[in-house]
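For reference, the structure discussed in these notes is given below.
Letters are used for the chains, namely A, B, C and D, taken in the order the chains are written, and counting of residues starts over at 1 for each.
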Amino acid sequence: MSILLTENTKAIIQGITGKVGSAQAKWMLEYGTKLVAGVTPGRKGQNVYGLPVYDDVLETVEKHGANATVIFAPAAYTKSAVFEALEAGIKLVIVVPEHVPVADAIEMREAAKAKGAYLLGPTTPGVISPGIGKLGIMPGNMFKQGRIGVISRSGTLSYEAAGYLNDAGMGESTVVGIGADPVIGMDLPDLLQLFDEDEGTDAVVIVGEIGGTAEEEAAPFIQKMKKPVVAYIAGRMSPPGKRMGHAGAIIQGGAGTAESKNEALTKVGAAVAFNLLDVPVLLKKAL
Amino acid sequence: MRLLEYQGKEVLKSLGIVVPDSRVANTPEEAYEAAQELGGKVMIKVQIPTGGRGKAGGVKAAATPEEAREFAAKLLGAVIKGYQVKQVLVEKQIKVQKELYMGITIDNRHGKRVFMFCEAGGMDIEQVVSKSPERLLKVERGAKENLPEYQIRSILRQRGFSNKTLVGLSKIASALFEAFLKYDLSTCEINPLCILEDGSLVAADAKVEIDDSALYRQKQFQNKGMDTPDELELRAKEIGVTYVKLDGEIGILASGAGLGMCCIDLLADEGLKPANFLETGGGITRELMADAIELVVSNKKVKAILISLYGGVNSLLEAAIGIKNAKESMEKQIPIVVKAIGNQDVEAWEILREAGIDIVETFHTERAVQLLKEKVS
Amino acid sequence: MSILLTENTKAIIQGITGKVGSAQAKWMLEYGTKLVAGVTPGRKGQNVYGLPVYDDVLETVEKHGANATVIFAPAAYTKSAVFEALEAGIKLVIVVPEHVPVADAIEMREAAKAKGAYLLGPTTPGVISPGIGKLGIMPGNMFKQGRIGVISRSGTLSYEAAGYLNDAGMGESTVVGIGADPVIGMDLPDLLQLFDEDEGTDAVVIVGEIGGTAEEEAAPFIQKMKKPVVAYIAGRMSPPGKRMGHAGAIIQGGAGTAESKNEALTKVGAAVAFNLLDVPVLLKKAL
Amino acid sequence: MRLLEYQGKEVLKSLGIVVPDSRVANTPEEAYEAAQELGGKVMIKVQIPTGGRGKAGGVKAAATPEEAREFAAKLLGAVIKGYQVKQVLVEKQIKVQKELYMGITIDNRHGKRVFMFCEAGGMDIEQVVSKSPERLLKVERGAKENLPEYQIRSILRQRGFSNKTLVGLSKIASALFEAFLKYDLSTCEINPLCILEDGSLVAADAKVEIDDSALYRQKQFQNKGMDTPDELELRAKEIGVTYVKLDGEIGILASGAGLGMCCIDLLADEGLKPANFLETGGGITRELMADAIELVVSNKKVKAILISLYGGVNSLLEAAIGIKNAKESMEKQIPIVVKAIGNQDVEAWEILREAGIDIVETFHTERAVQLLKEKVS
């Protein structure tokens, strides 16, 4: 079992005829992901690694029952691609592009919530449910099927976290890249709840980073969860006022420090790891 | 990108908001002339894209044009908060009766825009708000929602404003909010927003920040603001990587931001101090890698380099060749430790090994850190 | 009894300190209308014919329980005045100004419907319930209390129609100026229903004019009404393609002729008057 | 206000919609030169703000620059559909594979904007639609709602379009709808919208109408379009009244549009033919009234005047003085019958009576009509 990306997911790729879109389509297919079609307006009738290409998303829903999409579009066209997917009834939208204007992210987030859809990103590596498939750009061979749910703001750190879990013989049910932008589509509690209800998940790992208050605000929800939560916050040695790569990874006016996050999480019973190396150790203790 | 004060005030003026009469001066002589034109009593304010200028000595009140020249001479060319001052704003002094605060920002967590207002504006706004949070009025708005004048009029009326001041404040608030949406702003503050003796309103400062990701559709703001004063950060922009200078001796290159922060944490745990944060992103080519390493070692304090990479779309082969090339062209050889996992990693290790570069053949960044520690101690 | 403007109406005037606003306030007060306050932003504390002036509409609702408004604002500010009233909870909005952009009228109409408010105009003379009060610019002495409801697109013709009713000893329960613009706030059926349910009204007179399809589209509703309807359509001798004063009064592409309106109305049992003079005759027959 | 074709096409061009290459010509010589520049084969199209130009002989196909000059010479200065032709558009001929129709209008009854599309465009669109209404695609949108490209893409895909043509149509539709909102348009039509042999789309005509009430905020369209060719209607605009010329002999002045139409109906019932419709609106002054009467009698066919007024904000006294003054300055005395009811009517009657003008002292316009009939027969 898994969350978001399950046995029932039938995904499409928006921007499939582009360089990145087609390369990633190939990798997703090779990993065994159930992709049903691709969309690039103006390219209907083409074929990318066996996937039929359409002019619009709605036709992939009508003809193939598509219910998930991975978006590879230039930042300027990302909002429109997301709205097209949402209005076509797609319920899982993976927004890979970086540098999407925050105003667009605000609109996308609001629209997804209004439609009851799940939206990951912008600036997400996507989601992988090892053994089932992957939607996005995560390298499949970094992950192993198992029973730990992982939520990460950063792509690279989710690979690294999975590495330690695999080393410890644990594996992942689903690894979710929530997005590294200031405004993103889903809140931690939304995902924590999905994992808490998922029969294939025994515990959840949160891989966070400095900046924002997502972890602090998720604390009350963590307290109510049935399953244990282990958290690691990257950037505890980063100086305040400096944007560490991600637009959201910045300590501003004293808010968003690793300390405040760790404190809030510890208070509600989450185990806080000092290093990723400690994550499996804490998980074993908690399970 | 943050606009300079005078650029921000140009935006306010275009919205019909009154700002003090002013001139930008590039030389002490220009400041003298500007002060003369403005009636003698002026403020001299350094134009740098950061707050806290006043407390850092970047704002002076001049009583005469001669004094304006004198202050300008002192400030122009000085380094304040890390920025070399190239321009000062010479601004007519105003007789203030009361200082207010007005601002708009984005609540990232909830994806909302927030209009803020406080009766106590000025330099100590942060203190006031942290002591008495209830004094800060907050009005939240969702995507595409505006803040019409009549809404803010009712809200501020309930806080005791009326007549001319109420109408003036509402007009400013509404215009500011519209501009916030229209111009893709991420922050917009007027602090202080001054009530003069005749009840009229004047914006004495302007903090205007534009969402960098939206600059492509806000062309009117291109070439505004001020470049970072750090030459290495400027060079990083050209190369296409993110570089943040830090105080230590170990250069860091990582293929992701989270991984980069993690490297800093791991080095610190081993008592090593990072010289920088550098994130390449996923699109690594041999040229980008070589340039990035050259950038890192151009900081002469750097005495070893930690590289932690995941190979995705671009193969690690490219990265390995770039690292090898960079090493070969280094003036002074320093230890490099590489962790590289993913697309074509075996081939990459081969190249790195042949070039005499230390590698860790697993995903464990902490092992790379340990290896590095051995090398430098 | 009456509709829209009743014994419970407590009205304000937006734009009360202007030349037209204050003159009309005086006339409304002289007619006995229950006005409770006025609004002109920036003029709080002033007083117009005994009415206190406020900076915002919400304060008149809070302090005086205002539930109706007459708007006298320049066309460019009318939309904002209407939205202020609607958001303050006002349920009857009389939009007197002419030359309001159609785009603004579309927004006003949609907002009023969403709030369940009644909106007359733009370009309405207002509403009068003889014996109770008048909201708008209708001359009070043209009307007489009675049991006939009148709905009119034109101001002057509503006065003329009332004249004939008064002559015939009938009088009016309420006379509603629905607005002469192409896009207006209320539809004929909305008003017909109110009259049909009003205990003080025995029959309804529709004073229409050429242009648009309001009368044609109201026909199915008229068929369902309990009370008789008499209609008069002005402009039967006006040539097609010429805009007869009102922006909406134009026969275009064969639509909006007096014939098509009369035919649609006759078909559903409404009595159609050739002249206003005939209206009382037809009413007496129908009652 | 309706833009001239070439002005409408400038709007389309600014939206990225392709239109045929063209020049505006004011003289036959300019048309000749334009045709030369455009490669010889051109269309010559009169620029007047009304439809049906083609059927009225205002559009000609010229095979050579010489022919272009010849046609332009015939058309320039000619009167077509009531308008004197001042300019022709010289437009390169295009090879059309298929003609489509695309338009946006306002559904007044429901307060919605409606996007329309039909596979059969061209001159006979109205016939096609009235015969087979199902061929006209209609998409309704409420206040502030847009028509994004992806929506129209799905809709037109279901009607059989695909690839380049589908994307092109969707882009045009979405841009047109955005412009409709942005520019306060009341109608916007491209008919025909042509598919060329290479599959690309070209707008061969443009009907763009702006809401007159919104012109104050759409300043870019001021001084566009073309004034009404009727001098009296122009003069009425200056005075501030609405005047529509009709064919008969009885001048009409009414203080409201409904009342004015009613007067026409009543006159017709008595076998009298109205010479005009004139509505004063509520703000009557003595000057406006006198000017309006002067305007009405400047139509030499007018042999009597019917005036029907209600006095509201402005008193009828003003109207009466205006009527008296107008009568006194008339070259030739003709019967005037006045019905005036409302604010200060008794005083007004007094003045009119003294001036020898016939009055009806009740609201009954039909009695005024009967009295007028007696006077003229």
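Just so it is clear, a contact is a pair of C-beta atoms (placed from the backbone, for glycine too) under 8 Å apart; a residue touches a chain by one contact, two chains touch by 3 or more.
This one's a predicted model, so the numbers in the text were calculated from it and none came from an experiment.
*Asks:* Between chain pairs C-D and A-D, which one is joined by a greater number of C-beta pairs in contact?
*Replies:* C-D
*Asks:* Suppose each chain is reduced to the average of its Cα coordinates; what separation in Å results between chain A and chain D?
*Replies:* 57
*Asks:* Taking each chain's centre as the mean position of its Cα atoms, how many Å separate chain A from chain B?
*Replies:* Averaging C-alpha atoms per chain gives centres 27 Å apart.
*Asks:* Give the residues of chain B that touch two or more other chains, as numbers and ranges in rising order.
*Replies:* Not one residue of chain B touches more than one other chain, so the list is empty.
*Asks:* Using the touch rule from the top of the page, what residues of chain A touch 2 or more other chains?
*Replies:* Answer for chain A, listing residues that touch two or more other chains: there are none.
*Asks:* Line, ring, star, complete or other: which one describes how these chains touch?
*Replies:* ring
*Asks:* What chain pairs are in touch here?
*Replies:* Those chain pairs satisfying the definition are A-B, A-D, B-C, C-D.
*Asks:* Can you name the residues of chain D that touch chain C in the complex?
*Replies:* Touch residues, chain D against chain C: 106, 108-109, 111-113, 126, 142-144, 181, 184, 186, 211-214, 216-217, 242, 244, 246, 254-262, 264-269, 274, 277, 279, 281-282, 308, 310-313, 341-343, 362-366.
*Asks:* Could you pull out which chain A residues touch chain D in their complex?
*Replies:* Residues 41-45, 55-59, 80-81, 83-84, 87-88 of chain A touch chain D in their complex.
*Asks:* Which part of chain C faces chain D closely enough to touch in the complex?
*Replies:* For chain C paired with chain D, touching residues are 20, 23-24, 75-76, 98-103, 105-107, 109-111, 137, 139, 141-142, 152-160, 163, 180, 182-183, 187, 207, 209-210, 212-214, 217, 234-239, 242-249, 253, 274-277.
*Asks:* What residues of chain D sit close enough to touch chain A in their complex?
*Replies:* 148-151, 153-154, 157, 162-164, 166-167, 170
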